[in-house]
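Each of the next two complexes has chain A plus one other chain: chain B in the first, chain C in the second.
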Partner chain A sequence: MFNLSELEHDALVELFNQGVGQAAAAMSQIVHEEVTMSVPAILFQTRAECAKALGNKDGRRICAITQHYEGAFNTEAILMFPEEKSLEIVRLMIGQTVSMDELSDMEQEAMSEIGNIILNSCMSTLANIAGKELQGSLPIYHVGTSDEILSHSGSQWDGLVLTLKIDFNIEKHQINGYVAFLLDLTALQDLRQYIDNYLARIGR
Partner chain B sequence: MTSAENSLDQQLQLFASVVRAVNAGLIVLDADQRIVLWNDWMERHAQQPASAMLGRSLTELFPELANGRLHQAVVGALKNNFSSLISQTLNKAPLPLYASAEDAAAGTRIQQAVQVMPLEFGNQPRHCLIQVTDVSMAVAREKQLREQALELQSQTLLDGLTGIANRRRFDAHMDDEFRRAKRNVSPLSLIMVDVDCFKSYNDNYGHQKGDECLIQIAGALTRVLGRPCDLLARYGGEEFMAILPDTNADGAMRIAEMMRREVEALELEHAFSSVAKRVTISLGVVTQIPQHNATVAHMIGAADRALYKAKHSGRNRAAAYGSGAS
Partner chain C sequence: MTTILIVDDSRVSRLLSRQFILALRPDWKIEEAATGEEALDKLDSIAPDLILLDVNMPGMGGMAAIEKLRAKRPAVNITLMTANVQDAIRNKAQALGVGFVEKPVTEERIQQIVTSVETA
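Right, the complex of A and B next:
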């Protein structure tokens, strides 16, 4: 199993925290309210482990926003919230309390934008340390079980999932979500190389 | 012209006509954020000809966009090669686009969904495409749906006869207020109201008069409750419940006594009551600062016992849980 050294791991957590920090600032500006986000932990898992951790067995429905990135390394980036939490986030962001059971089209679009901001911010810090570009697609909205969402890139895929737990705070509510990056072996090696170069550059 | 040049020329003409015809706003910015394409849709809806826009920078033309979400998305596309989605819901109409001259005069903008994408072509420095879609129809439709849902939701939470909250609404509201009182360590009061000798009223005056009587009582009880956080609900046949957040025992007894007097003052004749010549009510009052192990069921049970006490002390009165008869 692929693993990072403690130093590499800590550097990556720090970079992701910078990323979501920028995303939170952008979102605060949109809603004129304080939004904060942090990444308390990251984890490398197989796809099955990740799906299981997200409640695939219980058939729990997940709301996901996916974006494809390629360049410095190639990855499918996915922001995931349990479906009921996505309703909560969007309604807190919009400041609207009428609850329907599902997100409306316009609310799905808003959720996609939230994902777009978070994923682009995370990737921009990575592109930054890589010193190389990452080309990002537009976000796509999905609802399904974690297994359905994670198998998006095909069943033959044998890479790993880099999972970030995200704490999202708005209006005294804390909501937990996950960002997953599907990384194949090449992408994993590229990513480690970028982190090592970065650590060498900053003299750690 | 060679045939290859000829077909390329044809192709370009085709692309140009598509850009003119497409039912979406297209803006292309060069690496310095200067406008190099402004399609017909944009000309119509921004009421600005391309000739006035080409070569000028986006933020020079629209200073209000500077450093906002759309502008940041443009920078993200040009600098980082990222695509961005700018939703109508989170961003109220960033561009000054109008459906008609009247709307423009009134300042009513088109509801817009915007996508910003990096554009690579030839060996030019990276450009970016801003694509604008009119989502006014979808927004209006959802507004209507939301209003209907709200209406439906409030209907299922109201008592059909009296128009006040029903049992379901009471249960949900009670849970919320109980949790809130626990968290804030604040007193919560509950008043259970029962109409005295209502069975004999129904038996002698008929159910229709009985219904009218309940409507009148619901109105009287509502008049006593002044604060928006208070809730009066029909709990059962002739039983009502009032939830009074942030209200101590004295305050709750005062409200209960006002309710009793208000109903008495309706002067609804009741010749078959064992209490008085008119319709009266008995009330059970309980006040708690809910402790950790306290439950809603227990608090309702306490209100019920206080009501029992009021009835056994002669009806047409209020009694508090845990104190002597009042």
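Right, the complex of A and C next:
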């Protein structure tokens, strides 16, 4: 089992906090509203448990944008919104200048671009802290239950993953969503190295 | 007439860039391409004053496109407009002599680009 010391755990939360702070700023620029984000929660769980934790109790469908990153460490980054809120988010991004038909036509592309901006914003911060480059894939758009989305995005359904889950909230529009980062066990040694390099650089 | 070529696989980003540029300079001409390859084809028929170039695109990415675009139009000004705001990408942009603007596309960032075109 992969264990982090208390200091490493704190550092991991702090690093992702910085990344998420940048992501919140990017999201706020997109929707022109204040966006609040929670402190990252770190959990070791199976993909099935992760899907349950990220999903809605009533099995409602969610809209997700996923990107895979490789480099200092490998991870799947996932941005999730309730499906019924996605058009509203796209409207906040584009404004009132396009018709509802055009907006619906662009919904998938717009959500992919929003995911691209927010996930890249977070991952770029993490890469910059490490002084290394992280290579990201193009964003992939999914709609479905959390089970369906996580079974598409990962490898073994029963394999353990480290999950960093961050809640975000666009309060004025009552839009809640999640950003999650999933790391397979094979990626965890690289993550530990990344954290330890950070701690060494700040003299801890 | 000032011509801007927006190269981005995201239709929404192209739409926003177009809207913000035309709001500031209604007489400018905006051309669009969804890939690096399409941008290269466009250069057969237009001579843009600035190419606004995304980095992560299907097919030829923005970084690879820079050299090929310059081979066709050596004097063209290029600015990367990207969500990939890693220092590594900024440093590459600087080394290649191209501008760098973060996404999301905002009015303030487009104003900055318009000013750079007018003072070039």
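Criterion: the second predicted complex is superposed on the first by the 133 of 204 C-alpha atoms of A that agree within 3 Å, B and C clash if a C-alpha of one lies under 4 Å from a C-alpha of the other, contacts with A are read in each partner's own complex, and residues count from 1 in each chain.
What we mean here is this: a contact is a pair of C-beta atoms (placed from the backbone, for glycine too) under 8 Å apart; a residue touches a chain by one contact, two chains touch by 3 or more.
The model shown is predicted, which means the values in this text are computed figures rather than measured ones.
When both complexes are overlaid on chain A, the residue A:116 reaches chain B and chain C alike. Contacts of A:131 after superposition on the shared chain: chain C is touched, whereas chain B is not.
In the superposition on chain A, contact of A:26 is made with both chain B and chain C. When the shared chain is aligned, chain B and chain C each come close enough to touch A:94. Counting the residues of chain A that each partner touches, chain B and chain C differ, and the larger count belongs to B.
Looking at the shared chain after the overlay, A:104 reaches chain B, while chain C stays out of its contact range. Comparing the two interfaces of chain A, the one with chain B and the one with chain C have residues 26, 29-30, 90, 93-94, 98, 106, 109-110, 112-113, 116-117, 120, 124, 127, 133-134, 136, 138 in common. Touching chain A in their complex are the following residues of chain B: 68-69, 72, 76, 80-91, 113, 115, 117-118, 135, 138-139, 142, 145-146, 149-150, 153. The part of chain A that touches chain B in the complex is made up of residues 26, 29-31, 67, 71, 90, 93-94, 96, 98, 100, 104-107, 109-110, 112-114, 116-117, 120, 123-124, 127, 133-139. Of all residues in chain C, only 9-13, 15-16, 19, 56-58, 82-89, 103-104, 106 touch chain A in the complex they form. Within the complex, the chain A residues that touch chain C are 26, 29-30, 90, 93-94, 97-98, 106, 109-110, 112-113, 116-117, 120-121, 124, 127-128, 131-134, 136, 138.
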